[in-house]
Every structure is written in C-alpha cells, then in structure tokens.
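Take a look at the structures listed below.
Common to both upcoming complexes is subunit A, partnered first by subunit B, then by subunit C.
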Partner chain A sequence: MTQQESTMTPIVPRFVVDTPPFMHRGYTIASMMRDKIIALVPAAAMAIYMYGIPAARVMALSAGTAVLAEYLWDKILGRKDRLYDLTSLTIGLLFAFLLPAGAPWWLVITGSAFSVILGRQVFGGLGCNPLCPALVGWAAMTVAWPMFMDPMAMTLQTTLVEPLQKIKFFGYASLPEGSELSLFLGQQLGGLGSSQVAAVLLGGLYMCVRKAVRWEIPVAFLASVLLVGGIFWYLAPQIGLNPATTPPPHLYLLTGSTMFAAFFLATDPSSSPVALGGICIYGLLAGSLLVLIRIFGIYLDSAPFAILLASLVTPMCDLVRAAPYGRRK
Partner chain B sequence: MDKRFNLSPDGRHPITVLDKVSLVRLPLGEHVQLPTIKKRQRVAGGTLLAQHSSPNVGDMHAPFDGVIKDVTATFIEVEYEALPEPQPPATAEPAEGEAPKAAKAPEKPVEPVSPVSFAGLDAIALGQTLKTLGISIRPFTRPCDLFIINCINPEPGMLYTQELLASYLPVVEAGLAMIQRLNSAPRFVLALPSGSNVTLEGASAYHVPAVYPISLARPLIRAITGNEDTSRVTLVRLHAVFQLGLVAMTGLPLTHTVTTAFGQNFYLPLGTPVSTLLEITGNTPDPGDSVILGGPMRGVAISGLRRGVRKEDDAMAIVKQGSMPDLEDNPCINCGACVAVCPMRLRPNMLSRYAEFHQYEACRKEFIETCIECGMCGYVCPCCRPMQQHFRMAKNHLGLHTFQHVLRQSR
Partner chain C sequence: MASMWKEFSKGLWNEIPPFRLVLGLCPTLAVTKSADNGLGMGLAVIFVLVLSNAFISAVRKIIPKKVRIVCFIAISATLVVAVELLMQAFAYPLYQQLGIFVPLIVVNCIILGRAEAFAAKNPVHLSIADGLGIGVGYTLALTLVGALREMLGTGMLFGKYIMWESFQPFKIMVEAPGAFLALGSLLGLMNCITIIQARKRGDELPVNLTSGCGGACCNPEK
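Then we have the complex of A and B:
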C-alpha cells in the first residue's frame, strides 16, 4: 500500500508547485486578441468589397509593419518579444481601419510604426499605454499629413458621399432621401474599415458576447452621444446654432467612425477605466466631446479625438470606486 | 458563470470508510511533539502525540494502535500494529474489565485511551477539555449574536457536505449540541444550498444558491444577514462541526476526518498519506501535474506525495498539466475583469500592481486586509497573473498574516 520512500531518493514524479487558483476561465490575452481580430473580419471584408485591393493593401501593410515594429523594438532593447499574443497585429489592423483606402505606402508604414512604438512600446509595452495606440498613430498622421489622411482627397472617382462634410457645410437635409440605411451599410466615404457601421456593430456585439471588451463602455459612449447630440439638436435654435447643420442624434452614430470608436477604440483595456462609475464618466466625456467637436470643431470625424482626449482622464475616472466590503456608510 | 462553480453537485457520493490504512504521517505544523514520544514506541489509538501552545488549537493524537516509526521536525509517522492481547491476570475476574491490564507483557503495557465525560463541565472547562481532544475551539467559543454553520461545499470539487448531512446527521447534531454548550449565541443558522431539505433541531435553515464564492465566510454572512458587519457573526464549516461531533459523541480524541479525495468521499484516519489515497482511487499524477490539498481556488500545491492529511484538509485533487493556462509574470492590462468579479469590491488590478512593485503601504490603502483570497481575480485574469501570490506577499510584508491565520481558523 505505501511504498518505502527514503528522503534521499529524488522526488518522482516532479510536480508543478503553483499558487492558487488552479482553475482558470481559459480566456487569455491571446484569446482576447483573437476575438478582436475575428470581430474585425466583417468590416475588413466590407472594406475590400467597397474599395477593392487598395484596402487589402493598406491593411496588410499596416498589420505587417506593426508586428515588425514591435519585434525590432524588443530586439533592440533586448526584451522578450510577445508577438504570440497578437496585440501588435491588432493595433496595426485598428490603425489601418482609420486610414483612407488610397493612403500612400509610406504613410501606412510610418503611422503603423508610430502606433506601436510611440503609442505603446515607449511606455513599457503591453498594458502600459496611457492612450489607445492606434489613435496615437492616427493623431500623429492627421496632424502631420492632413491631406493624405483625408478620405475625400484620397479617394477619387467615387459615387460615395462624405456625410460629415455634407452635414457640416450643407446641412443634414442635403443627404439623399432615406440615406440612413445606406449609411448604416457603409455607403459613405471614410476610414476604410471604420465607416462600415453595420459590420463594425456586428463585430462589436461579438466582442461583447465573448467578453473581449466590457460592454458597458460602448453602451455608455453611444448613449452619451445620443443624449448630448439630442440636447443640441433640440436646443439648436435657442442657443443660436444653425438647425440645418445640427443633425438629429442618430446621425452621429451612422456617420464617420463613431461606431468603430465605441467598440474598438474606446474599449482599449489599458486606456479605459475599470469600474462602472468610471466607465460612465468616461463614456459621457467621450460622447460629449464627439458631439462638441463635430458641431464646433474643425475636424469632421471627431470620434478618434474624442476617445483620445477622454483617455487622458482615465486615471481620474478610476478614482471612482465602490467602497469595499464592510465599509459602506 | 462557470458551471464548475456549482457547489451543490447532483447525485450521491457515498463516504467510503477507510479502515485499512496501515501507515499515517501526521504533519506537525506548529505542534510540538511530546518529549515522551520516541521512535519504535508502542501507542494506542488516541494517545497524545503533540501539543499546540495556543489554547485555541487542538492537540494531535495517534489515529490508531500502532508503533511510532519515525519522529522528525515536520511529522510523526505511525504504523498500524494491533495492541498485544491483554493477558488476563491469573486471579482476575471474568474478562469484562473496563481497563484490562497486561501484567505479564515484557514491555510496559499500553492501555487503550478511555473516553472523557463532558457531563457537568462549564463552557470554559469544556473548551479546555476539547482542546486536549484535538478540537480547535476558537471559532466555537467566539462570542456572537448569530452563529452560522456553513453546510455548503466550501470550494468547487468538494462533495462531502451533502453526504455528511445525509449519512452522518447524528454526528452533526452532536456537534451542534456541543456548540450550544460552548457558545451562548441567541441564534443558530444552518446555511444550506437551495433545494436542500435538511433540518436540524436548534438551528434554523437558510438556503442560498450554491455558487462559488458564496461558500466563503464574508459573502455568506452578507447573503444571510443582509449587511456586511461581521463583528458579531461567527461562521464555521460543517467540516469542523462534524469533527466536533465525532469527539462529542465518543469522548475520544479526534482521530478521523472526512475528505473529498480525487472525486470520492472518504472517512479516513488523520495523517493518511496522499499517496495512499491516490492508490485507492486509482489515480496517478504525471510529471508536470499539480497535486493540491484543499480546493482548486484556495488550495496548496504539494511537492511530494508523502504528505499526510491534516484536520483542516477537506479535499485534494490533481490538476493536469495544460488544463489551465500557465501563470505568467505578465503586466496588468487593466481590463477590469477582476474588479467586476471581486466579491469584496476591491480593485485587484491595483492591489496586485502595488504588491508587484513592493508598494505595500499603497496596498493597505487599497484595503488589502479585506481580501479573502477567494481566487476569483486569478480565475478571470486574461494575463494569468499570480494574483494570490502577490496578495499573500503583500500581507506578509504588512504583518497581516496573523489576521489571515485567524481567518483560516474560522473559515
């Protein structure tokens, strides 16, 4: 029954002595990123359908550059690379989705490398980025080469409309009759993937169901856009705004990259708050900024800037916390 | 929620009585062996082997008649050997003697341990007596307004509570009666998984949905009392009540316990080596697996199979290599999964980061002493961070381990 064991014999078999828990949900960073990439597939397919090979070219170039940039950065600094968890690939794809399909190769490469290195690696790599990395690259490129980042200028010979420009300069009534559905299905000029509203929504819902992102963030953000947009729409005549260029709230969701920002950019884990209270503040801030920049700002698609600015107050949002057990007043 | 977190599994899992264990290793822990205990000495079942300096922690006894095979700094090994037949003295009365004496044996005769009577003892004397019989009495004597007996399996994979209530109810009743002598709490409550129809005289039943981590002290107290003030509530596990009941029924020292080992329930002598249980259940761990004592959420991985079962060990299991992602020293990505599941409403993301970078005072400001080490944060962490490791390290640095010790005693 019990064999004689001497203290001198080596312990056989060798066990792994780990710390608890010895159960895991089985959902790791790699699974999370895999789900994000799966969620990007519908929008990518729609982009290729709409813009053809140029869209595929931009996405491939951006994703490849992002992975290479992370690899080289880790190599130069002598760090162990973490390419296996697919985070840099995701950043590259997210950045590509914000670009026009006709973006020149050097812009894609520069922006993608900027996203990974300046957006994340300089802060210490995974989990240390204070802002969404893809947005850092996007902001740098938008400020440096606004011409090449403009979908209007980069997409020639198209029948697609640029709804944001129409709304801002010609009033929302200038949009064709019944254009909501075509906008929803992505019939608009914009970032190659970020303007595919329906496909992005589909992917976003998938991520929420798989818990790759916290569903509270897109809900808080989109609800805030509707709320603040609705207030401005309702009050436009009273506060001296041109009612024609102040669109009804649902148009905020259907135009530009609002939907993409809600599900893919605002939910970047390390630059968004963790608890529900903080998420509500963050969503309200980002939603209000989006509406304000669209109405008063010079940038047409304000969603990326709104997220970027809201991410800056994430540490403050994280101060809002529930009292721990037994400390509720 | 993970269906593995269901703490009230269907079906019967009968408790097998193990009476053929021939060798036990009693882990000493903080117990100090009696100077009279020597190698090759013959002992009767229930003989005192080691004592604990604290009046609240029970002493340690030989689980059966046998010979001391080994005494080391960490354990005492006892091998079963029947006591020599008592030689009836030539002039003795018929062999009905309560305490037979073997006068002609060449060595000093070993007398069987006789039961202690609890009649007429007041609470303090009763506590002292029970300590010498191997019962850790602190949770039972703690003054309180509400005394809860936690009849829910403490962790996933444990199966014994419903069997104890089904097959050993008289023992539990005896344990409850003893608690009522030790503790003057006005209310006694049995916390039962919903669907259970067990009733016990002297305690009201309260049903909760049996999903981990409700089985841990503080979440259960919140579920039952509706508030989070634990200062006047005592909670003990059914496991401890059962052990108290065994002693209360027999008057003999605590020598046996109940354990869910590798998916089966056993009533076994204390100190039964893990290797014996592995053989009985027909399990063989492979290199790279982990063998854990306790539940999968809060247990301890052991490095060898010689380890014997302690009083508080109520489960053991094998964790196969590859059944979960390896723990890694990944950075926190601030995803918030841990914050969402923490039953104590802590921020495990910040706590583990502070601990990781040795900011222990910041851990205190984040209420680390509230952490019950339930393991939920590590379970959901997509970065597979060693959360409990960080928390325990920080608690040790802050000198909170005594607090945790108290917690473990009372769980």
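Then we have the complex of A and C:
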C-alpha cells in the first residue's frame, strides 16, 4: 500500500469541503419569494395607475384565492401547510398579472385555484411542479374562456393601443411615431401587470441582483428572442414573409408579456434547468418559439405558450452538463 | 345463481373497468365528449364483451394454449365487425360520432383482458355474468365521465341545457385536456372513497388501489 502510494502522483484537491459547523447564507424559500413579491410591486403600482381599481381588485382576488386554495388543499389531504413560504401568494400574483384588468370575478377565482391546485399541488406541492403553476392556470383559462381572457374584448373605452394586433394585421409601421418609449413605459393594452415593460424590467433586475432568480435564464431567453427575431426580420423578403408585419427584433421585447415571461415565468425554480448549458438550450427554445408563434401562430401574445412548451423539455435540458471528472465510460 | 350475481356485481364497483382495472382508457378519454357518446360506446362494448366471453368460454377446452391469443382476437374481431355493421344500419349518427373508436374496440384491453383472465378458465354462464357486469360497469363509467364533461364544457346533459342561465361553459372540459382532468379527478375520488371505507372497517389501507388485471396477477404481494 505504502509502496503504491509513493509511486502515484500526489493528489491535489480541487474542491475542499471543510468540517462543520458551516455558515448559513441566509437564503430561504420565504426570503426568495419575498424578493419576488417586492420585485412585482413596481409593475403592480403601474397597473393600478393605468387601469385603476379594477386592477387592484383582480390582484387581490387572485392572491387571496391562491392562498386559500393551498390552505384548503393541505387541510383536506391532512398535510402540513406551507403558507409561510409565500409561494402560493406569488403564484396568485403572477397569475393576476397575466389577466386583463376587466376579468370577471369567477374567472379570476377559478384560474387562481387552478394554478395552485392543478399547477402544483396535484404533483406533490412545492418544488414538484413540471410547469410554471401560474402558466398552467393561464393556459387552462385561455382555452376555456378565450373571450374573457382577451384584453381587447375586456377593456372597453380606452385610448391604449394593442401593439401586437397592429403589428400582426397592419404592419409595425402603423404604430404611432416614437412609440417605442411609450410601449416601454407600459402604454399598451395587455395583461394588467405583464405589459408594464419598464416596471417589470426594474423588478427583474432587482431579483437578479438579490439572486432570487438565476440571471442567466432571462438573458438567454431575451438574447434568443433578439437573435431569432433579427434573423426573421433580416430574411423576411427572401423567405416570402411580409416585411411590413415582421417587426424589427426590439419590438418583440417591448410588446406583450415578453419581459414579464423572461424574468418571472421562465425563472420558476422547479421548471427551469439548473446547469448553464441547459439554460442556454431552454432560453433558445423559448425565444425561438416566441418569435415563431408571433409570426406564424394565431395567438397574439405568444410568450406564455413559449415558456410552457420550453418547460416541457427542461428534464432533457438538465441532462446537458459537463461529465464528472474520472467518470467510468 | 349466487355465484353469477357475484361475478356480475364485481364489475359495478370493485372492478369497474376504467377506475379500478384502469383498462380501456383510450375510448374513455377519446369518445366521452358527451354523455350520449359515452353511453353508445358502452353499449357497443357490452355487446362485444358478453358475446366474446360466451364464445371463448364455450370453446376454451378445444383452443390450443399456444395460439389462444390469436383465437381470442379472431372471435372478438368478428363481433366488432358485427357491431360496426349493426351501428351503421341502426344508429348511423352515433357511428359517425364514435368514428374510428368502434373498430378499435377489438384492441380494447378489457375484451382481451376478460377473455384471458376470466372466460378462458370459467364456464359459460359465469363468463356471461362477468362480461355483462364489466360491460355495464364500463358503460356507467363512460356515461359518468361523458356527463361530467358535457355538463361543465357545454352546460348540457344528453343534449338538454341544464345549467343556470349566466353559466359560461368551461370549454376546456370538452377539449382533450378535459378528458384527463375528468378521469384523473374521478380516479382520485374513487381511491379516496376506498380509503375512507377501509378506515371505517378498520382494515389495513390498500397499497395498490388501481392494480392491472383485477388485482389478481399483478399484485406482487399475493
């Protein structure tokens, strides 16, 4: 034994784990969720400013229902409830942000309960959901009551424009002059919180700085949107697309819920990949799907669907990682 | 007579096909857009199942063991063609609604499952009772799933509007995801009832509630 050791090259440790006690970094699920909720505040304030009391009503109803649904579910199944970690409150708020401000109360309640129960609890609760819970509720409601989920139909008497529809049917030149800034500041018709691009970006940056989410995910997603959108914009005449209805790439970021999806929906901890390689594939897939659905699909705001579909391949994305050193072949 | 009743009644609750045996799920999910469709599909299955059980049980002694599956399929395929032709003759609208799923009854696991698990080992009268019980159970289950989906998805039941006036149909229930939602919720409910019953009787809680072939052959503990 000793002889063998002496002939081998000395082992240099690459990663040293010291003996306990360890120092806790202070992150808990509740603190991450608290950061997420704080990050939602600017967009919520902007939503109330733009749409008034109805927006506050939708948000309060949705958040309340989500918490109640989780409480009742745990109670009926005899599980210990985890309301203190604020996840159900976050799901309720995220779902509310995707709704139009004039959504009827029964739709808000059904959708919010759907998000929590079908999106997460039936799979086993926190951390077991294969898809972002708020998106599950949103998708179910969009299929069930498309009319009531349409911001155009639900918000009457408004001076706001619906940019996605204008781009799709009248070409992006039909947007008013210098509308990039007003779109950025949330002057557009859409989901009540998800269309507040500037406020969402502010909240998203706050979350990234506080490390409540991985910053790689929104960056990969938004970069892919720009890249794929740019390719289509550049190649539109060559591949037989109408150049007028194929917007320049930055308009994808400024319209609809792209920004909201990038920072708040795509980063859902249990439905997004862990390793960097996986995140790049996930972002590229979601970004390309967003552009493809906007150009070729029938749904105007494609961001939630793009994220939902990309989440389905998350387990595959997680397989992409560096081989451990010295692994047996 | 008592044993016939026993074989008949087990199909109604203890081994009700889509919820307990978890067999025949393809039609359960695909054709239950309305209670009508569920009922029609169920009746077709009763017809095929009772007759195939009877025939197979009658010839069980002369079928060589090695080719029994082929024989079972040949018998049930003949019956399915018969039911298809009968449907075209007497219930054409229903036939159009069910479409491909009528010929697909032949690959429905329940038919082959009952033939293999029951009819090939038991006398004719018991096999008929078994086929009838399982078939009726299947029909009830399909009608229930269909009624649930039709009621929530369109507000109607057997084509009549029954919900309140301002009810907004929950359209997802008549789409494909609604089938999974309805079936999943009913399965959960069945298991819940079983657990409560077991608890009341003071029995041990059942481990594998939805076990393949009637819990007889797949349960590793037996």
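One rule holds for everything that comes next: the second predicted complex is superposed on the first by the 302 of 329 C-alpha atoms of A that agree within 3 Å, B and C clash if a C-alpha of one lies under 4 Å from a C-alpha of the other, contacts with A are read in each partner's own complex, and residues count from 1 in each chain.
What we mean here is this: a contact is a pair of C-beta atoms (placed from the backbone, for glycine too) under 8 Å apart; a residue touches a chain by one contact, two chains touch by 3 or more.
As the structure is a computational prediction, the values presented were derived from the model and not from experiment.
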By the touch definition at the top of the document, which applies to A:S270: first (subunit B), second (subunit C), both, or neither? first
If you stack the two complexes on chain A, which partner ends up touching A:D18: first (subunit B), second (subunit C), both, or neither? first
Touching partner for A:R327 - first (subunit B), second (subunit C), both, neither: first
Quick one: classify A:M32 as touching subunit B (first), subunit C (second), both or neither. first
Touching partner for A:V143 - first (subunit B), second (subunit C), both, neither: second
Check the residue A:G124 against both partner chains and state whether it touches subunit B (first), subunit C (second), both, or neither. first
Who touches more of subunit A, subunit B or subunit C? B
Intersection of the subunit A residues that touch subunit B with those that touch subunit C: none
Within their complex, state which residues of subunit B touch subunit A. 2, 4, 20-23, 156, 218, 222, 228-230, 273, 275-276, 279, 285-292, 296-304, 306, 317, 319, 321, 324-325, 327, 330-337, 339-340, 343-347, 349, 367, 370, 373, 375-376, 378-380, 382-384, 386, 388-389, 392
Using the touch rule from the top, collect the residues of subunit A that touch subunit B in their complex. 1-3, 5, 11-29, 31-32, 124-128, 211, 214, 269-270, 272-275, 321-328
Quick check on the complex: what are the subunit A residues that touch subunit C? 106, 110, 118, 122, 140, 143-146, 148
Seen from subunit C, its contact residues with subunit A in the complex are 168, 170-173, 175, 177, 181, 184
